[in-house]
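Shared chain: chain A. Partners: chain B in the first complex, chain C in the second.
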Partner chain A sequence: MNKLFSIILILILTGCAEQKIIDDLALINAVSYDVSDNEKNPLRLTVTFPIITKDGKYDRKTISVEGKSSKEAREKVRLETNLKLESGQMRVSLFGHELAKQGLLPTLLSLARDPSVGTRAKLALAEDEASDILMLQIKNEGQNATYLEQFLTKLNRENLRTNYNIYQFLRDYYDDGIDPILPVFKVEKNNITYNGIGLFHADKVVGILKPAEARYLFLFREEMKEGSFIDQIDVGEDEKATIMLNYELKDHKIEIPSTSTNPKKASIYIELIGDVIEYTGREEISDTKVQKKIETIITKKINREGKKLIVKLQKLQVDPLGIRRYVRNKMDYKEWKALDKYQSYQDMDIKIHAKVIVNSSGKWK
Partner chain B sequence: MTMKEKLSPFQASILIYLTQSGVTLFYLPRLVAEAFGTNGWIGHFIIYFVVNINLVLIWLVFKLSKGKSMFEIIAILPKWMTLPFNFVIASVWTLLGAMVTVKFSMILKVLFYNNVSLVYFLSMAYILSYMLLKKDLYQIAKATVVLFYFTVWTVFLLAFHLPEFSFIRLTPFIFKGDTDMLNGGVSVFTAFLGYELSILYIHRIERKQLKSLIAGNSLTTVIYLGVTFVCFGFFSFKQLVSEMYPVVTLLGYISFPVLERVESFTFSVFGIKVMLTTVMYLWGTKELLQYQFKRAKSSYLVTVIILISFVVSFIPKVLKDLDEWLKYISYACTAVAFLLPIFLLITVVSTKIMNRESANE
Partner chain C sequence: MRKNRNRFLKDFKLQRSIEISNASEKVEPKLAKEGLLQQFKNNFTNSSDLSVTEFPNLTIKIYYFSYLINKDHYEQFLSKLRCITIEELQPFLTHSEFRLLSDFSELEEAILSGSAILFTEQKAYELPFKEGKGRSISPSETETVILGAHDSFVESVDVNLSLIRKRVLSSQLKTIKLHVGNKSKRSVYLLYIEGVASDKDLEEIKKRILSIQKDGITDTNMLVQFIDEYPNSPFPQFYTTERPDVVVYKLFEGKVAGIMDNSPYAFCTPVSFFDFMESMDDFSQRWFVGTFIKIIRYIAILVTLLFTALYVSVTTYHYEMIPQALLPTLQESRSKVPFPPVLEALFLEFLLELLREAGARLPTKVGQTIGIVGGIVIGQAAVQAGITSNILIIVVAASAIASFVVPSYLLSGSIRIIRFGFIILSGFWGNIGIVFGMAILIIHLSTLTNLNSPYLMPISPMYPKFFKYTLIRGPFKKKAGRE
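Let's look at the complex of A and B:
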């Protein structure tokens, strides 16, 4: 009897916890942050959440407000809807370019501090205003948030490891050996398109790589496993050909010669094995000689383009490849702490040693 | 009292492990990072060693007294002498047991149930604790083994973090950065507390007493080491120091194909571990009081202890106060863990010497 009473009591107690009726909730699935023109309220917050209209249709509502901080703006959003705001389902958080130039840390920390926001929530940059992306009404595309989330997941699956969520961004921000990156989106022809990678120096964006350049960036990042290389190459005198190579990254390592106290040199080794899917040149690609020639051409191309990219990164003082992590692991703790990390990174001589092997010419000779 | 069943070595090990692992686990990696700096997970070995020394002391008491229980040893002292000591130890243990539950409930409230009153969580915890406490240690140990299987699978969740784990992030620096070896070390040590209760039941372990105690502590250390090691490779060092509850974030990072944000479930499962820590400390209190007040009915004692803990639970109002409380209580508890076996050893040895002298006369 006593036991039964206790069990009933425990079961009943659980019912006393807070209730959340799903029809009464505004489950925010995406937010965006921008700098506003208003001096008093410098932050523009846009939230979007799904709603069911009176005639039973699935729709969404987007609210944009200006506030002093992200949470203060959120309180203003509360005044503009009949539903109870919930951040627990937030999947994507977008940042405007201007705000990213000023630094993302305050906004990110307010996301990280809020226990209802998951650390897996994905982050992205907008090439211009982030609210434009959330406000955009794409035909036959219900929720922009779901669209963006799927897009980011796809990029990640295609091994463009842009899938930067709150945890990953903060991890690389707080790591003194690597800088975070974020994917950039823009509104184009009434559609949301991926438009490269935003490079961060600490929490401030300092440059954007176009998708073509970003491809090389991912080639040198360690998370890369496979991908495709599409480019125009010079195959002979005055002859250009487009080639597409589906490759697998066999080897990736970054080496620092462990000689001096302040390493000046670094080498990135990558080895690709790939199958030719497209080749517009006139030669027989199945010929081993031609394959050898193409291997050298692509190798040179990767080395050249890669070097160009690295020099650009060094000039911007951003290190999304995490080369300084390898430098750190060669150094003494005191020396590392005393080092001017960005300056020494800028002065480094980083070499790329690519090796490309053509595996086959596809299913056509 | 009737003849009590003996604990098997396995049960004893599990009992030690579940008493040790409690609410501190959720922020242990941060404590370790704050205490030992970079690659602080190695510091666990030091603590493991210290705890083992303490366990050997407890075992020595048992060995030298030829299998007597703690109460049989102190029976040579008059009751009025043991009363203040027992009373102090009992209050330290009650407070620790209660505060551990409060800490868990407060974290639960901050992270998942902002609008739910603490009364609900605490009532649930204490009702369950009461049901276990009414039983004998043997029954508690049996329940512990069941609950062990119920919770131990959470360790395998760490496999989900392997894709984000990186050895480069561990850095080659050992114990560098802002370290606070002494204070920090003691707070890491408090995560291991709970083993000292074995002094009350070592004589009831069937065989391999020392081995089973050390096995229990080893299990705790292995799990702590695993979690902390993963945290050091998963978070960057400064991030780890800034994360209030790294293990909750770790749990929150797991995603299943259909389920998002499962941490609210896994976190609640951890509640079972926390409850067992509370149960064991309150059981220790009960044993102490039972010795002092032989005539009191055990079920009344349990009710009184539960009621006192329940009331005490409401004294610290906010997490900040609670952390202060917990800090000092666990310091006191650490002192008890070392001094009690030493005191008992002295008693045993001096009894022996006195007995020998009287035999010689």
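Let's look at the complex of A and C:
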């Protein structure tokens, strides 16, 4: 009896938990942050959440407010809905380009501090205003958040490795050997489209790579395991052909040859093995000689385009490839601390050594 | 644990001594000096169903209950008696089939169990003309199997003993007859295999059965509640079965079995929680299949216990746990319901229990209507009327189905009761309540013992060697001997 009493007491003393019955909740599934024109309230917060209309239909509601900080703005959103505002189902968080230029960290940390927001919430940039993306009503698409989340997951599955979530972004941010990146979306013809990769110097966006350039970026990042290479190549004099190669990354390594305190050289070795899916040239691709020729053309192309990209990255002082991590491995902590990381990165001579093997020429022949 | 057990034993002894002291107050037959016949007459007053046949020339009287004896045998006996003279009577009665009765209690038991009693001037003899009336052996209703033997116990103890004896062709199978109750002396047979069962267990169970002074115990399932250690636990502690093959299997595992007259159930002891999760079908199947089915049963128990509770806690407190794809469906189905999830769930679970109980008590033909009415009314109309949500119907139905997967009807009932506790806990405290309830449940289960053997035997205390005989259905070994 005593035991029973103490058990009941333990339960009663804790009090009841706050009830959050799901049909009374506004479950925010996407938020966006922008810089507003208002000087007093510099942050513009847009949230979107699903609602059930009175006739049982599934719909969504989007609220946009201006505030001093993200949580202050959230309090204002609370005043604009009859439902209890909850952010535990937040899947996507968008940032406007302007805000990203000023730095994401304050807003991002306020997200990361909220225990109801999971660290797997995905992050993305907007090419212009992020609220435009959430406000957009795509016909027959339903929830923008679900659309975006699916989009990001799809990009990841197609091995563009862009599903940056809060955890990954902050991990790369706090790692002094690599810089974070985020995918960029924009509104185009009443649709949300992927439009490249935003490059970050610390928490500030400094440039945006177009999808075509971004493809080379991912080729040099090591987590890339497979993908497809589509490009126009010069096969002969005045003759161009489009080739599509489904490849697998066989080997990837970054080497820093010198062990001096300020390394000047770095080499990226990649080895691709692929199947030709499409080739528009006149030559017979199943011919091994032609294959050899194409291999060298593609290798040259990758080396050239890659070099261009890396020079661009070095100029912007962003290191999404994580070359500095390999530099760090070559020295002790004191030397690393003393190093001017970005300057040494900018001065580095980074070479690309690609190797392409055409495995087969597709099903035909 | 040990402390607890000792305390229990002390309690048990105390209880027993009280009961024995009560027993000593009972009225002893006053007329011990008088003849057995006089005693018999004094005790069996107002017994209009008692028949008597008199042979004045032989100075004998035969008393019997006409519906308890075999009439044909009796007639044959009478015709023999008719040709006997008074001188031949004494030698005739010394035939071994007629037992000389020495005292009244022996006499009482004999006549009530279906013998006729022959009184000479000084002595009384038992004439064994028992009639084995009763139900014929039929397949078990509560413990059906697909493969394996289908016979089950009946109400006659002789038939039940024969079903077991036929399966254990060995003199090592021992039976001990005990009596239970003061007024109605119900006989309980303890069965064990000598050298396999532990003597300590046997002595303990004997002691406990003998200490019962209660009358009106009608069935084995009732009897075991008088001898278990934790009468206030919702869990059944003695394993009862109506299948002779199960009993024989348990006997060879070293357990003691008990059968009671006029009850089609046998109990086995000492058993653990995992004995209740077993069906004879597991042994007929290949061991992969048997193990798979056993694992399914454990999952079923968890589903019965927790599924509805989890629905309540997730929809009331932990919306973060819901996968995004499920969220719209859940919100949509909840949006019309005016009650909080805990009330909604309790209402539906209660309705389901009503349905189940109504179905169990009704004749089969009417029972079918219940199924249809319940299925249509609860399944369709309740959702359309906006009393419950679609998803909850699925959840409750799934946990109801899962509760019937548990092979033991007794355990299934216990689990179903406990489920209500979990729903209430989850309604007030969410997942914390569920975890709390689970902790209490596990603590309780590990406290329980059956005949001083822990209820969660191979897990707590841990004996990994026995897992393959209890937790799963491991492959058979061809070697002789018992683990």
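Descriptive notes on the structure:
In this text, the second predicted complex is superposed on the first by the 349 of 365 C-alpha atoms of A that agree within 3 Å, B and C clash if a C-alpha of one lies under 4 Å from a C-alpha of the other, contacts with A are read in each partner's own complex, and residues count from 1 in each chain.
By definition in this document, a residue touches a chain if its C-beta (ideal position, glycine included) is under 8 Å from a C-beta of that chain, and two chains touch if they have at least 3 such contacts.
No experiment lies behind these values; they were computed from the predicted model shown.
After superposition on chain A, the partners chain B and chain C are seen to fit next to each other with no clash. In the superposed pair of complexes, A:27 makes contact with chain C only, with no contact to chain B. Looking at the shared chain after the overlay, A:9 reaches chain B, while chain C stays out of its contact range.
Of the two partner chains, chain B and chain C are each touched by A:118.
Once the two complexes are laid over each other on the shared chain, residue contacts for A:137 go to neither chain B nor chain C.
In the superposition on chain A, contact of A:88 is made with both chain B and chain C.
Legend: residue contacts after superposition of the two complexes on their common chain; A:325 is shown touching chain B, with no touch to chain C.
Legend: residue contacts after superposition of the two complexes on their common chain; A:288 is shown touching neither chain B nor chain C.
Superposed on chain A, the gap between chain B and chain C at their nearest CA atoms measures out to 5 angstrom in whole units. Counting contacts by the rule stated earlier, residues 10, 14, 16-18, 88, 118 of chain A appear in both its interface with chain B and its interface with chain C. Interface residues of chain C, counted against chain A in their complex, comprise 315-320, 322, 324, 327-328, 330-332, 334-337, 340-341, 425, 428-430, 432-433, 436, 440.
Interface of chain A with chain B (complex): residues 3, 6, 9-10, 13-14, 16-18, 88, 115, 118-120, 167-168, 170-177, 322, 325-326, 328-329, 333, 336. Chain contact summary for the complex, chain A toward chain C: residues 7, 10-11, 14, 16-23, 25, 27, 29, 50, 52, 56, 58, 86, 88-89, 91, 116, 118, 146, 149.
Remark: chain B residues 38, 110-116, 120, 123-124, 127-128, 130-131, 164, 168-169, 171-173, 176, 234-239, 242, 249, 252-253, 255, 260-261 touch chain A in the complex.
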